[in-house]
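There are structures below to look over.
Two complexes come next, and they have one chain in common, chain A, joined by chain B in the first and chain C in the second.
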Partner chain A sequence: MDIFAQLLANSVIAGALYTLITLGFNLIYGATKLINMAHGAVAASGGYIVFFLTQTWGWGMIPAVFAGVLGAGVLGAVLDWLIFAPLRRRKARPPVVFTASLGAFTVLQAFLAILFGAQFLALLPAEAADTVSVGGALITSVQLATMGLAALASVGFFLFLRFTTFGKVVRAISDDEEVAKMLGVNTDRIVRIVFFIGSAVAGLAGIMIGLDTGIQPTMGLFIIVEGVIPSIVGGIGNMAGGVIGALLLGFAENFGIWFIPSQWKGAIAFGLLTLFLIFRPQGIMGRK
Partner chain B sequence: MSSSGRLVLGVVIIVAVLAGVYALLQSPETANGPAAPVAQEPVTIGFIGPLTGDAAAIGQNAKAAVELAVEEVNKAGGVAGRTLNVIYEDGQCTGKVASNAANKLINADNVPVILGGLCSGETASFAGAAEQAKRVVLSYCSSAPSITQAGDYIFRDYPSDLFQGAFGAKYVYEKLGKKKVAIVYVKSDWGSGIRQVFADEFKKLGGAIVAEEGYEQVARDLRTQLTKVKAAKPDLVYFLGYTEGSIVGVKQAAELKLGVPLFGADGWDDPKIWSGAGAAGEGAMYTVVSAPLSDAFKAALKAKVGSDEVGLCSAQAYDGLKLLAQVMAKAGTDGTAIKDELYKTEYAGGVSAAKIAFDANGDPVEANYAVKAVKDGKAVEQK
Partner chain C sequence: MSYLIHLSTLFSIYAILGVSLNLLIGYTGLISVMHAAFFGVGAYATALLMTKLGLNFFLAAILGAVISGVIGCAIGWLFARLGGDYYVMGSVAWNFIVVSILINWESLTNGPLGIPGIPKPSLGGFSFGSNVPFLILSLIFLVCVYAISRWVVRSSFGRVIKAVREDEEAARVFGYHTLFFKVAVSGIATAMAGIAGALFASYITFIEPTTFSVMESVLILAIVIFGGFANIRGSLLGAFALVLIPEALRFAGFSADIAANMQQLVYGLVLVLFMLYRPQGLIGEYRF
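After this line comes the complex of A and B, so read on.
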């Protein structure tokens, strides 16, 4: 085995998962300026929906994945409708909204634990995964799919925000919500849709993590960390920056522990974050 | 009268009334004499273990075993005639959470004894507070060598990794004939402690440790650690992990086609790992504390949890509770008295060991290990 090729693959696999999380996180941040802590729990919910549909209702994997993505999107929209929209209308200050999202995160996580138990669950049966060799690196089909979906989602988001009217409106809200409102934009409706899309992609991330390793109610916290760090590194709210940040984090972690002992892997992510906060707080691509 | 004067008078009257009410409520008991009813009060002790999160499967099973022991103690007349009562707290296999749980047990519930924690990190987190408050801690599962020095009030009926790491190293080197080993370990008191002992003993025997890769307890992506291990070309991988990380790690080792045997420690004595890892886990081996486990105990536990599963430390938790009940019946419910009595006690006929006795550090005097190998998704003891 080519160790370099394998490390490259490991980095891209990790980067692809981080990308899926960051895309949705950044989209929601862009439109609402909210560090949405509930994002992690919404992603986990996507994984659990797939688990429920395949294990209890006997659905096939493909329809279950679609339902999981859709379900996570709806859950995000419902959270906005129940919690964030009323707070926006009341002009709640950012710390209040942040705390509310933390509350939503905790409730969702507890809910998952009550419904499904706290243990670690696999979405795929426990057979040895089928691996393919790509340029000397061993990659499973799930990991290949994750990379493909992350690339697809990144390009899709870019085209969507750049070339559709809806995308332009989202960017307008992101620039200045008050002005957009004055110009006749129904910001509440747009933000609701943004929550739906962002949460759906988060759900996809949760599902891919579940297919690759497994799901656990507490996974949401690591998902949110893996979403926030690339986002800040890339320039919070900046979609392209988020993707670059996600890949950078994947590479830094996996190549980093090639050189230093691997028990420092967790420290690398936060080291990277600290470096950026000190030397380039606006991130690679600048704040949106 | 000035307003502040009125305020003072008001406060005085309220205090007087409250004091009167309190005295009235207290009087019937004082009239009956305090001694008799107090003795009938239940004896309450604390329990700490991971009831959610990592290692929750082991913790829940241990809790069931303790509940079983409590029922048996109370059926047999309790602790010197008093009902035994246990408050169960969740330590989540995490120091911070376990420390909060212990503070609650010590300060709010005022228990003389804490049975727990399960994970070494749990026990280590509150050993200091318990020692200071003169409360006895009896861990039924913590095996980190550092617990030995944790304090005078800190006991365990589960052997230190010093025994297990050395046993594992000898088994791998002599019995399996593997001379080049890579270690993958979870960064916890348990993982780091056992890794150290294993590495020292293995090198002393003449073997080589070709790689040592750690991972965070919550990590679910061990690919790069395993990539480095593979590049080091070991004869065997010594893998120290808890349930969740191990399922993922064992699977990822197969995905990366590591192609060498995996050898673990008692953390792997959880059937969930081998049903979860499936084919990837075939042939994996691990050391485990060997316990006699009477049939009656197995049947009673099965009736309680609904499966054949006997968790890693359930026998030790069960014996620990019985041992404490026996000691408290003799020494009462003062922490220091219990501690002194524990050092003198020899408990026979348990399900975790033929004899439990403590050395001067509160460690069990004896330890026996067995090796299990995974065949068709089930761990089978090797003869």
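After this line comes the complex of A and C, so read on.
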């Protein structure tokens, strides 16, 4: 096993996970200007749905993953319907909407802990991890799938936003919701769908984390921080920037531990964030 | 009776946290989800100065507040330059990172095991070790913090920070260096959180990193929101109500670990429901 190749592989794997989180986060931010804290808990819920379906109802892994992704999407849409849409209609200012999303995050996390307990749960038995060797680096099949899905999701989001009518409408809402509404766009419906898609991708991220390492109610916080940092680094709300930021964070963390002990991963992430906030606050792709 | 004294002591510590956070959120409009981080910095600084260097509590507490305030100024400067969204996201990330530093810097903080055996305050041979003197001591600190906050918000300084909250651009046009004011409020509020941390460390005599997690920041935020923005008396009310909630849940007969999650559920619901139906809080004087 070649250390450099392994670190390279680990960077891309981490970047792929962050990409899945950031894509949904940025999509929702782009359409609503909401820093959606609930995103992390929605992602965790995806993992728990898979756990429940496979362990309690005995579903196969593939259908359970589909159900988990769908379930997370529905959960996001429900949150929009119950909380964010009423606030939007009232033209609540960003701090209010943010605080509500933080509350939703807290409620969901507590709910998961009550239902499933606070302990760490594995979605896959440890012996199920089969590894392949790619250019001297060992990669599990789950990690391989994560990279494939992240690439697929990035390209899918790009094509979808660029070339479909729906994508154009989302961009129009992102530019100016009022004008879009005046032009006859049913913004509420579009935003609901945006929440569904963004949350479904988040659920996928939660499931892939669960398959790779495991799930825990508190994972949502980790997910939101690891989604927010690439988003700022890339330029908040910018989809391509988010992907670049996610990969950059993956590389910084994994190559950083070449020089300093691995438990300082979090500090490296924050260091990267700090550098960008000081020297390029608008992010890599952001416009001032 | 001793139970009531215990609750009153907790109330005064959380009231200090609530009042100081209200300076940041309610008066200056900076939504901080990192108050627990400074609570923790103050607690750890005080505990380490007392156990490792054998300093007197009062000296250690003041130094703890200074350390917390200086870091608060630096972090405030870093995030507040860039406007609301960056501040909010950065604050969540910063709280997350502080906890990870407390866990991982084992040579200094003793890692996840925490610091046991923190001495009680004493001054000139008089010990505040038993419950009543300690309660009186924390009430004195609360009165000081309250008085300083009241003076701050009623002074010309207070009028400027409110102007920053209302319209930063306009405040700048009138020649105020708004960043300076935001950094100054950050320093004051985080130093007060540091004092709360010093009291907490010495009262409980044991601290560990997870006490100061983002979830604790959510609790302090809930205190501010319950009472209302831009009303420091409201934060006293909020601290009173939210310190009582866990006790009420315990009387309702939930088992210990379910009760902890139920608490979080209630705090989360407080955030969501207040934002939906009464964003200014019970007796708030400002709504976003």
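The working rule: the second predicted complex is superposed on the first by the 284 of 288 C-alpha atoms of A that agree within 3 Å, B and C clash if a C-alpha of one lies under 4 Å from a C-alpha of the other, contacts with A are read in each partner's own complex, and residues count from 1 in each chain.
By definition in this document, a residue touches a chain if its C-beta (ideal position, glycine included) is under 8 Å from a C-beta of that chain, and two chains touch if they have at least 3 such contacts.
Please read all numbers here as calculations on a predicted model, not as lab measurements.
S.K.: Chain B versus chain C on the shared chain A, clash or fit?
M.R.: When both complexes are placed onto chain A, chain B and chain C end up clashing with one another.
S.K.: Going by the contact rule set out at the top, does A:N10 touch chain B (first), chain C (second), both, or neither?
M.R.: In the superposed model, A:N10 contacts chain B only, not chain C.
S.K.: What's your read, chain B or chain C touching more residues of chain A?
M.R.: Per-residue touch count on chain A favours C.
S.K.: Could you tell me if A:T140 is touching chain B, chain C, both of them or neither one (first, second, both, neither)?
M.R.: A:T140 sits against chain B, while chain C stays out of touch.
S.K.: Identify the partner contact of A:T164: answer first if only chain B is touched, second if only chain C is, both if each is, neither if none is.
M.R.: After superposing on A, A:T164 lies clear of both chain B and chain C.
S.K.: Considering only touches as defined above, state whether A:I224 meets chain B (first), chain C (second), both or neither.
M.R.: second
S.K.: Please work out whether A:V97 is in contact with chain B alone, chain C alone, both, or neither, and reply first, second, both or neither.
M.R.: second
S.K.: In the overlay, answer first, second, both or neither for which of chain B and chain C A:N186 touches.
M.R.: Neither chain B nor chain C is touched by A:N186.
S.K.: What is the contact status of A:F111 with respect to chain B (first) and chain C (second): first, second, both, or neither?
M.R.: second
S.K.: Contact-wise, after the overlay, does A:Q55 reach chain B, chain C, both or neither (first, second, both, neither)?
M.R.: Touch status of A:Q55: no partner.
S.K.: Once the structures are lined up on chain A, find the stretch of chain C hitting chain B; candidates are 147-155, 201-209, 219-227 or 237-245.
M.R.: Of the candidate stretches of chain C, chain B runs into 201-209.
S.K.: What residues on chain A does chain C touch that chain B touches too?
M.R.: Overlap of chain B and chain C footprints on chain A: residues 113, 118, 222, 263, 266.
S.K.: Report the residues of chain A in contact with chain C in the complex, numbered from low to high.
M.R.: Chain A reaches chain C through residues 33, 35, 37, 83, 86-87, 92-100, 102-111, 113-114, 118, 221-222, 224-225, 228-229, 231-232, 236, 263-264, 266-267, 269-270, 273-274, 277-278, 281.
S.K.: Which residues, counting only chain A, touch chain B once they are in their complex?
M.R.: Interface residues on chain A, with respect to chain B: 1, 3, 6-7, 10, 13-14, 113, 118-120, 122, 125-129, 131, 138, 140, 209, 213-214, 216, 218-219, 222, 253-254, 257-258, 261-263, 265-266.
S.K.: What residues of chain C sit close enough to touch chain A in their complex?
M.R.: On the chain C side, the touching residues are 25, 29, 31, 33, 78-79, 81-82, 84-86, 88-90, 92-94, 96-97, 100-101, 103-104, 213-215, 218, 221, 225, 257-258, 261-265, 267-273, 275-276, 279, 287-288.
S.K.: What residues of chain B sit close enough to touch chain A in their complex?
M.R.: Those residues of chain B that touch chain A are 52-53, 56-57, 187, 212-216, 218-221, 223-225, 227-228, 230-231, 243-244, 247-248, 251, 254-257, 272, 275-280.
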